[in-house]
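Shared between the two complexes below is chain A, which has chain B as its partner in the first and chain C in the second.
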Partner chain A sequence: MQKEKFSYDNTIVRNFAIATMVWGLVGMLVGVIIATQLFEPAMNLGNRFTTFGRIRPLHTNAVIFAFVGNAIFMGVYYSLQRLLKTRMFSDTLSKIHFWGWQLIIVAAAITLPLGITTSKEYAELEWPIDIAITIIWVVFGWNMIGTIFKRREKHMYVAIWFYLATFLTVALLHVVNSFELPVTFLKSYSWYAGVQDALVQWWYGHNAVAFFLTTPFLGLMYYFMPKMANRPIYSYKLSILHFWSLIFLYIWAGPHHLLYSSLPDWAQTLGVAFSIMLIAPSWGGMLNGLLTLRGAWDKVRDDARLKFMVVGLTAYGMSTFEGPMLSLKNVNAIAHFTDWIVAHVHVGALGWNGFLTFGILYYLIPKLYKTKLHSKKLVSTHFWLGTLGIIFYAVPMYISGATQGLMWKQFTLEGFLKYPSFLSTTLQIIPMHMLRALGGLIYLVGAIIMVVNLYKTMKAGSLVRNEEAEAFPMVKEDPKMVTSGYWHRWIEKRPTQFILLSFIAVTIGGAVEFLPTFLVESNVKTIESVKPYTPLELEGRDIYIREGCNNCHSQLVRPFRSETVRYGDYTKAGEHVYDHPFLWGSKRTGPDLSRGGVKNGVMYKSASWHYDHMMAPGDISTGSIMPSYGWLFDDDIDDSNLEGKINAMRTLGVPYPKGYEKIARQDLEKQALKIQKELIADGKPVEAKKEILAVIAYLHKLGRDINVEETK
Partner chain B sequence: MKTKSIKIALTLVCMLFMSTAFGQSLDDITAATESYESFGISLASVLYIFAIILVAIAGGMLLIAVHLKKYMKGELGEEYTKRQPFWEKVFQIKPVASDKDTVINHPHDGIYELDNPPPPWFMFLFYGTVIIAVIYYVRFTFTDSGYTQVEEYTAEMKAAEADHSKFLETAGDVVDETSVTLLTDEASLAKGATIYDANCKVCHGDYGQGTVGPNLTDKYWKYDGSIKGVFETVKYGRPGGMQAWAQNMGPESLQAIASYVISLEGTTLPDGIEGKAAEGDLFDRSSDDSEADQSASEESTSDEADTPVENE
Partner chain C sequence: MSDLLGNVSGADVYLIISLIIFIGVFIMATIYMLMMPKQLIKTISELPLNDDNNYED
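Up next is the complex of A and B:
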């Protein structure tokens, strides 16, 4: 048999590598900026486009989808061709994929600061961008599966299993979670409401972590780790076991983001149970990676790239152990809503995704440019800076999270909250926020050093655009493989069956959790007194979403004494049936707001209090880290789409009477006028139809309806 | 150069842990003591365990450091570097020497895989967590021994109530309305302010300007304005909406809040905050030697006795 000659496409790998570096710096820089805003609110530069609520999503999106996303594609395009002994299926598809993805990122970077957002975490982008993501993702999958079908290597290596699972599951997650009803070109409402929306969102959010930040990187690890260390993978059996158990179990664990919420108990318990089972499958990847270094640990001493890989895998092991622990209800009760979670995700993002990406970049760039690294010493410097950065980020955040979580729960012997003022718990952790920003800065400096180093490396070499290679054409069966006799060998040779089986594995968990929650009425008990939002409240809610208030304020009171005393009655599923989307939030940088409209409640604040507070939060609450929202006093409520909004809500099942959209604007003006009068009577001058009126109306709606029911 | 950078790094790490001391007050430390005690262990034993762990970690690190230094210098000899590290034995990992027997002779782009079984403890962990998860799910979803989150909440509230009544019993009448004196020290007033923020401002306003309840910043009092009178008002409540707080706080807190309320008298309200119109009689504080006639002031407002209690 004759060997066939062909070439690998290196240009596309190089392009993704550059994109990884550029977006990585951008994402981290935005991260450092918002970190400083959490102790010095003036760092929002006094304008709405750079205020925390709007650019925190920019940070998460840039890091997840731009930095890590491009790194995934870089690694996949490099390893896939070599593992399958063929060029990518289509250079054109590769190019469409690359430029399409960059355009999506640019669109995100423009729309998010403008406040164009769906508010759903890690899925903030509006519907036209969602569609673009779907198309580009399909292009990626098409290109990848096309490559698999024209391969010269019969067996798919474990890395490819992970790539396939990534493609399938992310597609599924994105499409299901992005179901939304467009109102205008840049505004839509989530198809789901309240607790159902929350379930879908955290099924998505949790599995975005699983299938965008974990499985593709495990695939990359399985290729680049043995390549760098020049050692065999420790256990093929372990690969099989942990791949299938990981993808099957991961999908179930979403509800652990909603513990003690109004999600039905059975679903929460399911989330906890599956999270516990996830420890071993997650650790399988770490184990196989670290054990690949067996007999090669001396190389780690000299090669900083391997140091990155080792610390990356260790960080993965730590955060995948911590994840199940945080899913235990008693741990979650303290950690949820605090900086603990922020520490947890950053051990994953900075340690696992960041360090693996750095290691791979240091390996790839010299190979693509057929040259040596510009400076090995700088790689080492980067490694130590990065590690120090992670420590300075994570340790203060753990301290801060535990401190605040416990302070919230502390009662005096007489039965009062020891820290009734939320602000006092915030002030306690400010020094930790400062150290965290320092940690982020150190990490960023390390990344800048890497980019300089790699730029100089590129300068010194020249890109091998098409790398020549040769391989035998695919034979029907490799006789050696037949004898090794594993059932898994069978499916490794059959991409279609493989895709089908993994798809089944990842759909089961979601289906079991969704169907009862959507179909069985008793899971979401309705409360009769809960009324739809008035037009002004609806506009206020949209402003709340635009400003990203949900990034710092939760709207979910958990059934704990410490929360019902601090905020008011705990949250019921029936309260949120008209909430498209839900706005429970996941972090309490500020207090919970869901009882802000309960008139005789602890959280109620008068209209004039809100007026003063939005104008200058620090004047009302000394030391507050909330920025001023001056523009709410300057801008008119944009009710030009009110009719469309009412119609859209009605389509989604909100019982606005027929023809209400025609008179909605009158209602809006009437209610705004009432609040305006109230404010003027209190000596707060405000012009009619300013946005602040809508925001006050919305905040006074929160929890109001359920209170009526109780006093009756 | 290298030692210098290590020193800098160490200093930074030390700073990191030092910073936990920021903003800690004696209060927080007592609070911490309380929270440990609620688990049935003393702070001393926690610190003791913590110290043992620290010493163990430090000792272990020292051992490793000495060993590593020898290893790096090659002092342990060729033999040593080739033999299986002890941790591989501990974790039941197959030795490198066995690789040639277990390698699967089918590389992918030069990457070989070994046909080693997953370590036994890993399988134990895997099946163990599955069993735990199943038991957990069955217990909390299908059996009576589990509880829902609402049941958990109810139990928590009940326990808090029981603790509270026990506290009120044991706290005794250290101070009561016959012996109470006006506190003016800063700490007591701050304590009073905290209690006020949590409980009183709903009806008396953020600044004591009065909303549902009367204005506390003017010099007029519906009931006895002396410390004894105010203490009594807070403790037992008054008709017309003033709630009785005896069931909520101990005598020392009642004294602090009563003193704080008196300290509000005559304060000026911030701009834009309008005080509620005065109610009751002018109270002459200078003449107050805590001998004011309580029955008289009570009679003067007896016409309100029949109005419904709003806050209950």
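Up next is the complex of A and C:
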């Protein structure tokens, strides 16, 4: 049999590599900026486009989807061609994928600072961009599966399994979580409401971590670790077992983000149980990677690329142990809503995703350019800066998280909250936030050194655009293997069936989680006194979403005495039946706001207090790190789409009477006038229809309706 | 357990089904793994190392 000649497409790998580096620097820079905003409000730069609420999603999206996303594609396009001994299925699809993905990133970078957001974490992009993501993702999958079908290598290496599971599950997660009803070209409401929306969101959110930040990187690890160490993976058997248990377990763990919320108890328990079980497959992967270096640890001493891989895997091991611990209800009670969670995700992001990406970049660029690294010394410098950066980031955040958790819960002997002012905790942790920003900065400097080093490496060599290769065409059957008919080979040789099986595995997990909450009516008890938002409150809620208030303020009081004393009655599922989307939040940089409208409650503030506070938060609460929202006093409420919004909400099941959209504007003006009069009476001049009026109306709605007994 | 599930009638069925499915998948994956011939495992696990241009069969 004759070997066939063909070539690998290196240009696409190089393009994704450059995109990884560029977006990596951008994402990390925005991260450093928002970190400084948490101790120096002036860093919000005094304009609406750069406030923490708007650019925190820019940071998370840039790092997850731009930096890590491009790194995944870089590694997949390189390894897939080589593992399957064929060029990518279509160069055109590769190009569409590359440019489409970059356009989506640019669209995100423009819309998020403009306040165009759905508010759902890591899924903030509005519906037209969601559709674009779906299309480009399908292009990626099509190109990948096409390549699998035209392969010259019969066996599919385990890395490819991880890539396939990534493609399928991310597609499923993205589509299900992005169900939204468009109101205008850049505004939509989530299809789901309240507790259901929360469940879908965290099923998505948790699995975005699993299937965007974990499985593709495990695939990359299974390819690049053996390459760098020049020896096969420690145990291929372990990789199979760990693959199937990982994808099957991960999909259930989402509800651990909603412990002590109004999500049904059984769903919370299910989330905890599966989270604990996840330790086994996660550590299986970590150990498999680390043990690959058995007998070759001396290489780690000399090769900084391997150092990146080893620390990356260790960080993976640490964060996948920490994750299950955080999902235990007693740990979660202290850690949730605090900086601990931020530390946890950054050990994963900076250590696992960041370091693996750096290691792979240092491996790939010299290969693609047929040259040597410009400076090995700089790689080592980068490694130490990166490691120091992670330590300076994580340690202060753990201290800060524990401080928050404990101070919020501390009572005096007399039974009063020891720190009743939320601000006292905020001020206490400011030094930690400064150190955290320093850690981020050190990490960024390391990344800049890498980019310079790799740029010089590229300059010294020349890109091998099409790398010549040859391989035998795939034979139908290997006679040596036929004698023993093992059924796993049946799967391995049939990518379609394999895809179908993985799809079933993840879908069952999702369905079992959702179905009861969606189908069993008694799961979400309706509360008769809870009324839909008035038109002014609805506009106020949309402004709240636009400004990303939910990035710092939760709307979920957990059933702890420390929380009910501090904020008011705990949250019930029935309160949120009209919340498209839910706005529970996941972090308390500021206090919980869900009882802001309970007049006799501790969290109630008058209209005139909100007026002063929005104008200059630091003047009202000395030391507050909240930026000023001056434009709320200058801009008119944009009620041009009010009819559309009312109609959309009605379609989603909010009981606005028929024809209400026609008189909604009158109601809005009437309510705005009332608040305006109240403010003027208190000596606060404000013109009619200014946005501040809508925001006050919304804040005064929060929790107002449930000051009565819950009814079935 | 029944207390935790008290607010949803029939939810225990979902949990039991899910447990059975999970254990089933896990057992299948284990059998699959154990039944793989050694030679095949060796061949597959060496795939990343054999993909360079100078690769000879």
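Heads up, the rule we're going with is that the second predicted complex is superposed on the first by the 696 of 712 C-alpha atoms of A that agree within 3 Å, B and C clash if a C-alpha of one lies under 4 Å from a C-alpha of the other, contacts with A are read in each partner's own complex, and residues count from 1 in each chain.
Here is the rule we use: contacts are C-beta pairs under 8 Å (C-beta built on N, C-alpha and C of every residue); 3 or more make two chains touch, one makes a residue touch a chain.
The model shown is predicted, which means the values in this text are computed figures rather than measured ones.
Engineer: Quick check on the superposition: with chain A as the shared anchor, is it clash or fit for chain B versus chain C?
Structural biologist: Superposition result for chain B and chain C: clash.
Engineer: Could you tell me if A:P226 is touching chain B, chain C, both of them or neither one (first, second, both, neither)?
Structural biologist: Both: A:P226 reaches chain B and chain C.
Engineer: Where does A:A505 make contact in the superposed view: on chain B (first), on chain C (second), on both, or on neither?
Structural biologist: Only chain C; A:A505 stays clear of chain B.
Engineer: Applying the touch criterion given at the start, work out whether A:P473 contacts chain B, chain C, both or neither, answering first, second, both or neither.
Structural biologist: Neither chain B nor chain C is touched by A:P473.
Engineer: In the superposed arrangement, which partner chain does A:K237 touch: chain B (first), chain C (second), both, or neither?
Structural biologist: both
Engineer: Touch test for A:G46: chain B only (first), chain C only (second), both, or neither?
Structural biologist: The answer is neither, since A:G46 touches no partner chain.
Engineer: Would you check which partner chain A:G653 touches, where first means chain B only, second means chain C only, and both and neither mean what they say?
Structural biologist: Neither partner.
Engineer: Check whether A:F248 is in contact with chain B, with chain C, with both or with neither, and answer first, second, both or neither.
Structural biologist: It touches chain C, and chain B stays clear.
Engineer: In the superposed model, which partner reaches more residues of chain A, chain B or chain C?
Structural biologist: Of the two chains, more chain A residues are contacted by B.
Engineer: Return first, second, both or neither, reflecting whether A:G623 touches chain B, chain C, both chains, or no partner chain.
Structural biologist: neither
Engineer: Return first, second, both or neither, reflecting whether A:R82 touches chain B, chain C, both chains, or no partner chain.
Structural biologist: Both partners, chain B and chain C.
Engineer: For chain A, give the residues common to its interface with chain B and its interface with chain C.
Structural biologist: Dual-contact residues (chain A): 79, 82-83, 85, 153, 155, 157-158, 223, 226-227, 232-233, 236-237, 241, 245, 265-266, 269-270, 480-481, 484.
Engineer: Okay, in this complex, where on chain B does chain A touch?
Structural biologist: Contacts found on chain B: 5, 9, 12-13, 16-17, 19-20, 22-23, 31, 34-35, 72, 81, 88, 93, 96, 99, 103-106, 108-119, 122, 125-126, 129-130, 132-134, 136-137, 140-141, 148-150, 152-153, 156-157, 160, 163-164, 167, 194-195, 197-199, 202, 206, 248-250, 253, 272.
Engineer: Name, in rising order, each residue of chain A that touches chain B in their complex.
Structural biologist: 79, 82-83, 85, 153, 155, 157-158, 223, 226-227, 232-239, 241, 245, 260, 265-266, 268-270, 272-274, 276-281, 283-284, 287, 291, 294-295, 298, 301, 384, 388, 391-392, 395-396, 399, 406, 410-411, 413-418, 420-421, 427-428, 431-432, 435, 478, 480-481, 484, 559-561, 564, 570, 600, 602, 604, 608-609, 682-684
Engineer: Residue numbers of chain C touching chain A in their complex, please.
Structural biologist: That would be residues 4-5, 7-11, 14-15, 17-18, 21-22, 25-26, 28-30, 32-37, 39-49, 51, 53, 55, 57 of chain C.
Engineer: Inside the complex, what are the residues of chain A that reach chain C?
Structural biologist: 79, 82-83, 85, 153, 155, 157-159, 222-223, 226-227, 230-233, 236-237, 240-241, 243-245, 248-249, 252, 264-266, 269-270, 467-472, 480-481, 484, 486-489, 491, 505, 508-509, 512, 515-516, 520, 522-523
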